[in-house]
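Before anything else, here is the set of structures, which you'll find just below.
Two complexes are shown next, each including chain A; its partner changes from chain B in the first to chain C in the second.
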Partner chain A sequence: MKKFLRFALLASAVVALAALAAGCGSKKKSSSGSTTTNSSSSSGGGGVVGSGSFSSGSPAKGGTYTVGWEASFGFTDNFDPTGEYLGNAWGLYSNLMLRPLVGYKHQPGAAGNETVGDLATEAPKPTDNGLTYTYKLRSGVKFGPPVNRAVTSKDVAYAMNRLANPKDGGQYSFYYTVIKGWDAVANGKATTVSGISTPDNSTIVFHLTKPAGDFNLRMSMPATAPIPSEVGKCFEGKPGDYGRDVVSSGPYMLQGADKVKATCPMKAMSGYDGANGNHIILVRNPAYDQSTDPYRKNYINTFKFVVNSNADDIFAKVQSGAYQDEVSSPAPKTIRQYATNSSLKPRMIPNVGDRTNYLSMNLTQAPFDDIHVRKAMNWIVDKNALQKAWGGPIPGSIATHIVPPVLFNNGLAEYDPYATPNEAGDLAKAQAEMKQSKYDPGKTGKCTASACKGVLTIADTRGVDTRMVPILEADAAKIGIKLTVRAINGAYPTIQTPAKNIPLAERPSWGKDYADPYTFFAELFASGTIIKSGNTNYALVGITPEIAKKVGATGNLNNVPTVDPQINACSVKLSEERTSCWENVDRKLMTSVVPWVPYLWPNNVFIIAPNVTHWNYDQFTDGPAYSSVSVK
Partner chain B sequence: MALPSVAVSRKTPKRLFWERFRQDKAALVGGVVIATLIFIAIFGGPIASDITGHPQNTTYSSMTDAYGVPLGPNSQFWFGADAAGRDLFVRTMYGARTSLFVGIVASGFAVLIGTIVGLTAGFFGGWVDSGLSRFADVLLAVPQILIAVGIVAACSTSKDGCLGGLVQPGLTVVIAVITLFSWSYIARIVRGYTLSLREKEFVESARAAGASNLRILRSEILPNLIGPLIVYTTLLIPTNILFEAALSYLGLGVPPDEASWGSILTDASQLYDVAWWLMLFPGAFLIITTLAFNLLGDGLRDAFDVRSER
Partner chain C sequence: MAFYIARRLVWTLVVVACVVAITFAVFYLLPAGDPALRFAGKNPTDAELAQIHHRLGLDQPFYEQFGRFTWHFFTGDRYGWPGLGYTYASGSSVKSLIIARAPRTLLLIMGAAIIWLVLGVGIGVLSAVRRRSATDRLSMGFALFGISTPVFWLGLMALYIFWRRLGWTGGSGYVSPTDSLTGFFSHMITPWIVLALLYAAFYARMTRNNLLETLGEDYIRTARAKGLPERTVIFKHGLRASLTPIVTMFGLDIALLVGGAVITESVFNLQGLGYLAINDALQQDLPVVLGVVLVASVAVAIANLVVDILYAFIDPRVRYA
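And now, the complex of A and B:
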């Protein structure tokens, strides 16, 4: 009898659950029924990407700005600017805490990628045939507590020496190897970079070994911002540790900076409690002089960045006003909610992300060692369906080549070498290409070779990956390629290891480091960047048998195409000539190398709270321009 | 005065078992449900695909809205669509195959290994017992999900798998991991029964008759373990189905192109508030399956054990 009671109870529970779920659903269904109609019309136009800004009335000073943060605060180097390589951390540095020689206007769009003087009075033109850059520092720029003194050129030189020394954890020091004497420090043969001189406290000169047309851009990155040596010396040889005591040269500082002393060993400032902590709190820097800074508005009194691993909760709190902003990824359902509700819609702001999402094909692995197969993949992939998997046109526009057009000053905006109706793929063209492949000896339009059966494909396990994978499997199958998909939670370490010989990677996405195509081409296609682990040239463009041996890659290494000469040639050019040169590299990659199927230029979609009165996007950091936000 | 003779019919153990078992209606319902589920697992996917005309991995862009959110049940998609726009009815039917296959096969391996280990430990005793029992204890003590995450991740990143290709990525990794963490339960139970059985008179008499250890194990002890083994197997299967679901929920289960209830529920976790059907249908099947196995297991245990209380 007891058992029957239990049976009945459990059965009732099932029925109740079903009824509950159906009930919840029916409520949602009625709203989604109406929103679907609205969404069609709203997404029908081309202007799905907003202006990158929001304004309701005059911004006022004061208030607290709380940001829900989905990831941890470990970033890539525990918030130590010398090693930190994550855009979200750069958003805090660039807007609020650090002043490199060169900066930005913290605006959306192309204007936000233009360099301006920040700590320096201007972004200088090079002299000596492009080999010398001389920066003059603004007067009146001071370090905040506990240092409280004027920033000098020697503080910039100290930061650069720190960046050059591998023991201090610099993660993008490769950008500065063009400075004379850099390698000597990197190799431990010197302690200071000989190509950096400081003739006086307000002048710093960089001598290069070869011209670098984007050197000013390189000097805008946070690791180049001044670091006071009296604090920095406490953390030498301890990568990441300086993150808890970052000394501000900008308008805000870590909370508690005025409670510690600049003597070794330093106590940690309370505003950042480490990689596993749950907050970063920034307060106004009393040493900051607004008159030295034409580009930051600094309306807010206190910034609180709070870890919250529940994205749904973040968006609920933003909607209720408990948070003002978020660093998360709105799911399609959230995007739909905002896009189809006229009162919410203005508070969802999509922004061009200077980023490309792509499928990477390994040039050494069958069947992708045949360019015709790679081209066939470009013809067959239904980019429209992939865009929908990401949530439709609001989260991103369909990518038609490597580098987002905004980095070419909107050059190549119309370039689409694999254009298909509605970007949904073209079976006839894909099959025509496949017929030319060695893997289709019978000229059937399908890959009939055994190499096309069980092609290992590494995907991630995010929601969007589970939506994309079936689409890719179905598309590849149309030309005879049967994918064997391995979904890995955190796929990057696997695809960044050349020795694993992964033929196809679904996960890759790449964003600019600064507004120059060099940060795409050099990182993703130069043979010199192929390394044993942490490799970003997933396609192994330009790999040679020597490099393959070094990194443990095996496969078809015969005549793998390279773009090294083109990258080297473009990197020394300036202005329009430089842009045009990079455009040609993009064309060559898309037609003669074909390492990718680029499918999305993602937008960064931000959702802000009802009490935010001013917000705009920062194109350099691809995040909120915290220096411009205000609340009521 | 002589007493009238009364005919007493002798009941075989099988008949006693069946008489007890058939009185347990809940267990019978469980058995019928399991039989139905097995039918669905074998034929359900292809039949569903055939009826609807929707292959399990085909995506239908018409079944997601402009924002990529899946649409609910309609006349053509009876259970609605999943997050990728695939037919959820077809995937749920195919999911039955995966979930039951993993649950039954992994449980089968676990019972096989657990029986061998438990018999050996219980019968021989001494250092053999100590060694095998402590090893089983260690497996029971380790954080299973954590280790499982490591093993599945390590074995699923290449085509070759682990242990020189013995453990292949996909279902075999999942089955291997579940087996690894399941057999020790069975081993402990079998060891306990064996310790008791080896002291029984019929074992003593077999030994006195000169039977070898292997013969005693095979002919005297093992047959007496069949009842408990059947019971515990039916209880282990739903546990392992849930284990597979948990692995899939963590993104570590079956490959993306093979539907399982766990992997469908993973999608549901992100969308349940706008796509209730993703949670409801595979969730209901999962609950019904575990419930059915549990009821059947309870019924079998009661029927085998004459001392149990109803």
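And now, the complex of A and C:
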């Protein structure tokens, strides 16, 4: 009867929700205790936000760490490390499950992008004029169940061969084509990469065809982590299927790994519910030896990653302590709530995301085939207003050039070739630039040519896009460019097709794969990356008539600037010389090519629960350093 | 009657085939992009894309893909019968995915349907027999509130008040009744009520109007003149006659919700069939969308059939040859 009364009361009370809702004030208890929130700051105009950490007392072992994952896992290869390209999946691999030869300290800021030995004893220096890399494996590193044996160099070679074989679904094998014999496997002419040798169980040697100064960084990617062949053979030629049976070499494993046998066909481990599923559960790997691992702390007993279709619910659960963390995007109202409440504020941690948001101008399409128009756009765009459209300085700092400074080890932090007062645009400078353009024959400071009327602009349909578009339209109009905006739900397929000849794209955003500017410049500006569909060089930097014919692009192909020689030159350099070289490419792009209007270096904002006692950002994975978190 | 049912079943198959063909055509002829790009990484080569197309069967013409899908549906595939194929994203069986998600949706619909039927018809009858009274006005006020309040708002507010503030309910998420019966009820009661409110409002208005119309008929006057008790007049003669359109609506509403309770499923993180379809449509995972569309269209067609058959029992004037 009591139950009935409660339900009846519930039913009638729901009817009266509207009236009640208006009067509901917050009575949430604030978290107590002494807390510290630290930031290793990076630059950028319009408000500085760094990569952070949170600490409230000394971390203790134990507990469950539940992470609400918005909408769906969104895996690109069903969690199979050979092909998985989702950054959030890399966070799980790198912190919890896999040990590639090279790893990171799982720290925020530039320090978190420094490489260290993980499975290998160190990140080695190359020999043989940069053509040979020799890695020595740590002793005592073991695969977890169901394999339960020591990891050897042959397991790394096996993973590399799997990555080279296109039938196994590798999605970033292009980073390894510098290894001798790689292409032979990729083309089906060989089964093993000849440039990889394993003289003994604890040594692996890579022979390259040309120097690659960032080779150690490439060997930090999850696809290069060891895979035991006795399990891997069950999944050869079946891209993605290994994702449900990933064998751990790190501190945690998929729940149920100890309940399956390493014989083909393998049953799926219960901790993995599939790409369309709703959970991943990781538990401690009994074969893991903490003494082999100086960089992972591993306080938590169990990690639960659960899909939740309701972003508001995710943050409500984080606030209540039902979840500890989230893989979601806090809405402006949530950010506002945390930013304005002193007890909540320490639990909202913005972190530099190694990513750039930008407007891309197609170098072959009028009026952007004229560098003066592109420069005028850089002068006129009100980046401050665009930052506000994103929610202010917490969601991101204003970008002043191509690559976020943290990837230059905080170099170019002050570089701003189009600096304007308050980053709000400068009409006089924009008009001065426009006067030099062929599209302003009368030197009026405005584009008067017909090419500037109805300039097709592709935008997306997210809330932030609808806030950005009016700002861009108004800014462009100040220099005589009338934009015709087409908003498309999911704009990328359109702007990634060169044959569509899109002059201006509002949507683009790019993040690093690993901590080297190569992963920006080579993929966004090298002419060799211009392809028919899925193209990421939206501006078509370096396009030639031959490439244009191949991809179906038409437009002004005369003297399109290129940075291919600079990219090739920098990619073989090492250390500071390399960084300095990339900085020069950034400068050249911003001043002599001008394919973009970079406007935001977005932050990754994380909100953590009241019972989290330690949290820090992992700069490599651009997410929580799960290996360092703790709860009370 | 048997001939009628057989004929309707044949037409049901035709309708389902048409719906699936249209869905297939929409994804094939009006794609938002190449699904293979999702699995190709950055800057894929033509050869890599061709390999993924081949793996996903996207390198075949539309009619072949559709033919293969239809063939597998009737004859079964490696996951058994009916063959609904495998998801692009995980390579797992669409059928098992639907089987895993369907109970969530069906239990949501069942619970909500009971509430809205009892609440809607009850309020409608009350409102009709006490026409123009305060009860009538209050009832219709409730109906107006239910119809005009968006489910997502009501859902969020209900979660906020009954879960977060009062702690009466279990909050969002799905708890299987086999795991915990109390957990199941505690998590489902709010989505049931929220989903039911919208429909209860419709049903209340419809029941009131139908009943008022029926109560004005000559045979009702005759029944009263014969001295039948008012309760018998209303429930036996009035309500029964006015139920026909309600039954039609009820059948179709339940069927439509099989794939259409997406907002409630999203707000309450139930992750049923509707949410599965929307999420996979956004990710261009055609086999999953087709599977859900197939299930939903079969549900609508069968519900139509059941409603038509029920007519004969509810309304003696209806007879099928």
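Following the convention adopted for this analysis, the second predicted complex is superposed on the first by the 580 of 632 C-alpha atoms of A that agree within 3 Å, B and C clash if a C-alpha of one lies under 4 Å from a C-alpha of the other, contacts with A are read in each partner's own complex, and residues count from 1 in each chain.
Rule of thumb we're sticking to: a contact is a pair of C-beta atoms (placed from the backbone, for glycine too) under 8 Å apart; a residue touches a chain by one contact, two chains touch by 3 or more.
Quick caveat: nothing in here was measured; it's all calculated off a predicted structure.
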{"item": "Partner chain(s) touched by A:G87 [first = chain B, second = chain C, both, neither]", "value": "neither"}
{"item": "Partner chain(s) touched by A:G232 [first = chain B, second = chain C, both, neither]", "value": "neither"}
{"item": "First, second, both or neither for A:S533, with chain B first and chain C second", "value": "second"}
{"item": "First (chain B), second (chain C), both or neither touched by A:K500", "value": "first"}
{"item": "Touched partner set for A:P59, first chain B, second chain C, both or neither", "value": "neither"}
{"item": "On chain A, positions contacted by chain B and by chain C", "value": "7, 10-11, 13-14, 17-18, 21, 24, 312, 489"}
{"item": "Contacting residues of chain B [partner chain A, same complex]", "value": "24-26, 29, 57-59, 61, 64-69, 72, 83-84, 86, 153, 156-159, 169, 250-252, 255-257, 263, 266-267, 270-277, 279-280, 283-284, 287-288, 291, 295, 298, 310"}
{"item": "Chain A - residues contacting chain C, complex", "value": "6-7, 10-11, 13-15, 17-18, 20-21, 24, 71-72, 74-78, 83, 85, 166-167, 169-172, 174, 238-241, 243, 274-278, 307-310, 312-313, 316-317, 320, 322, 489-490, 492-493, 496, 513, 523, 529, 531-536"}
{"item": "Complex contacts: residues of chain A adjacent to chain B", "value": "1-4, 7, 10-11, 13-14, 17-18, 21-22, 24-25, 28-29, 32, 36, 39-40, 43, 312, 331-333, 335-336, 339, 384-385, 388-392, 394, 454, 456, 458-459, 461, 463, 466-471, 473-474, 484-489, 494, 500"}
{"item": "Residue numbers on chain C that touch chain A, as the complex places them", "value": "32-34, 37-49, 51, 55, 87, 89-92, 97, 115, 119, 142, 145, 149, 154, 156-162, 164-165, 168-169, 171-173, 189-190, 193-194, 197, 265-271, 275-276, 279-280, 282-283, 285, 288"}
